[in-house]
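Chains here go by letter, A, B and C, matching the order in which they are written, and residues are numbered from 1 within each.
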Amino acid sequence: MDPLPTPTPLPPPNPSPIARIHGQAFHNIPQDLYIPPDALEVFLESFEGPIDLLWYLIRKQNLDILDIPVAQVTAQYMAYVELMQVSRLELAAEYLVMAAMLTEIKSRFLLPRPATSEDREADPRADLVRRLQAYEQFKRAAEDLETLPRLGRDWFSCEVLVPDRQIRLIPPAVALEDILTAMRDLMKRVDLFHHHRVEREPMSVRERMVQVLDRLSHGHFLGLEGLLDIREGRAGVVVTFLALLELVKAGLMELVQTTPFGAIHVRTKVPQDNAG
Amino acid sequence: MPDDTLKAIVEAALAAAGGALSVERILELFDDTDRPDPAAVEQALLTLQTEYRDRGLELVEIASGYRLQVPRRYAPWISRLWDEKPARYSRALMETLALIVYRQPITRPEIEDIRGVAVTSHIIKTLLEREWVRVIGHRETPGRPALYATSRVFLDEFGLKSLDQLPKLSASDPLPSLAPTEIPMPLALDQGI
Amino acid sequence: MPDDTLKAIVEAALAAAGGALSVERILELFDDTDRPDPAAVEQALLTLQTEYRDRGLELVEIASGYRLQVPRRYAPWISRLWDEKPARYSRALMETLALIVYRQPITRPEIEDIRGVAVTSHIIKTLLEREWVRVIGHRETPGRPALYATSRVFLDEFGLKSLDQLPKLSASDPLPSLAPTEIPMPLALDQGI
């Protein structure tokens, strides 16, 4: 490997150096692409990677891609790669790829080509040019974005106090379909474990059960006739009757007949104190 | 600095601060070179106070300085900015509600028996607070568990005239029966009607 | 409701919200019984916009609706209200953002391809946490890389109604030293090595 040349900083016309090594200011990237190893950390922070470095060299230093001293660059990049292996391996690899690409471009120019060649090769630099132009476009877009006014930096939102602020809790909305879906999901799940008897009944019986319980909620007796509303017709009477039977069966209610053939009374089941 | 610029900066500072600012604090916003007189700041505050009269904001003086705030009379509307909308009810709550709707009257142990997991008190409390569900009695079994049923509020909010109008569980939906026994013969009762 | 009351409520809501409010959101502040027309709310917003001209606050329309904010010209003073300086973002982050803004939806490998370096997870995480960027799906290529796009928060914070309002992507200047498309004779180059 060639010995690395000594850094040759340019005279400082620019008050803000891009790097400072051992007290010595570096105001430009040296033309020969050599970066002192000590400056590597600073260097890596100044550039966003090999494309960014190449863009800088071409734009700011008027470097001709074809003039890049490839052997020298490669030797130097190899030296950096060794250094970078400790901390920024992936970045080292990216610089290496770039060096390889530049070398390839150069080598293709150096190879003799038959003068009569019909199929003209594409310019080996074309791909690199496209990449550099795409990069430049977004580099500028990023600079534009940075200058756009932004909330919290250039604009500030108002947050005026609201005295007597009350926070209400708005309960979530539920649709009937949601209840049906919940029931179906539950039934499916339950059915996996149990084989409950399929029992279908009109909802009206359940509704009537609740109504009967409501009317008897204070432990009062009520005559059976009082629960039956003749105006509901036969169907209504049957529903009430079925509801009563369900309630008795479920142990929620008892029917009391004090004398044979006497009036039947209904009441909620009395707690069985000292039953055990 | 022109009076209008000073007034605008004071207004902007009060609106952005989200709390009270003292005159000293306002003065700290300025460089030594463009810092106004305290009197000029006081004057700007007074002008703003007048300008905001009868608007959606008011400038009040409190112990710690001056504060831009929403007048109390608009609090009922503005408070709604912070209405809390819980995303959705849990599956546990929806299944509990579904069981109460379709299997009422039902007790908590019965719900737990079908669902196979405990029903939290929070779920029952939520359903009772929403007034969709009410306690209509107690089952006379050990612990006297409450019997839950749907309420009139439930019917109203879901636009139902009666529980009959609930969407039907299709025939393919198996319904677990809590007490799958035959309906007893109503022999002892038939002469009562 | 009188126009002045409506205007005051809209003003108070905008000042208290701490962000943008859409017309729909403003309408939600009202009960069904006192809810104004959307057109009346729009009118109130327009009037306020005019009234706030040349004051310490401005009413701007952005993607999410309307926002009452401190104009940029007062930022030097107002930013001193807070000890904490607004976050400064690295060039790497801003370039990644620019690629997401102008090339959305885009994957991380695609960003890396154009930038020529790896995009750190930290950058992506910062953009996602800032809510400027969101994942809108995955590209069905090996590794299923996430597809990034900008969010409504991005538009709001950059004061935009839509992406159309962003500065156009400038056409790249030709790179002078690379201009010739003809392959030059290699003779002139060999002293380069």
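One rule holds in what follows: a contact is a pair of C-beta atoms (placed from the backbone, for glycine too) under 8 Å apart; a residue touches a chain by one contact, two chains touch by 3 or more.
All values reported here derive from a predicted model rather than from experimental measurement.
When every chain is reduced to the mean of its C-alpha atoms, the one closest to the centre of the whole protein set is A.
Across the assembly, the mean Cα position most removed from that of chain C is the one of B.
Computed centre separation for the pair chain A/chain B is 27 angstrom, with centres defined by C-alpha atoms.
Work out the mean CA point of chain A and of chain C, and you get 18 Å between them.
With each centre defined as the average position of its C-alpha atoms, the distance from chain B to chain C rounds to 33 Å. Residues of chain A found to touch two or more other chains are 156-162. Shown for chain B are the residues in touch with two or more other chains, namely 12, 15-16, 18, 57, 68, 70, 78, 80. Contacts from chain A toward chain B in the complex involve residues 156-172, 174, 176-187, 190-191, 193-194, 196-200, 202-204, 206-207, 209-210, 213-214, 216-217, 224-225, 228, 237, 241-242, 245-246, 248-252, 255, 257, 261, 263-264, 268-272.
Across the complex, chain C meets chain A through its residues 12, 14-19, 57, 67-72, 75, 78-79, 86, 89, 91-92, 94-95, 97-99, 101-102, 114-118, 156-159, 167, 169-173, 175-178, 180-184, 186, 189-190, 192-193. Every residue of chain A that touches chain C in the complex is listed here, in rising order: 48-52, 58-59, 62-71, 90-91, 94, 98, 106, 109-112, 120-121, 123-126, 128-129, 131-146, 148-162. Looking at the complex, you find that chain C touches chain B at residues 4, 7-13, 15-18, 21, 28-30, 54-57, 68, 70-71, 74, 77-78, 80-81.
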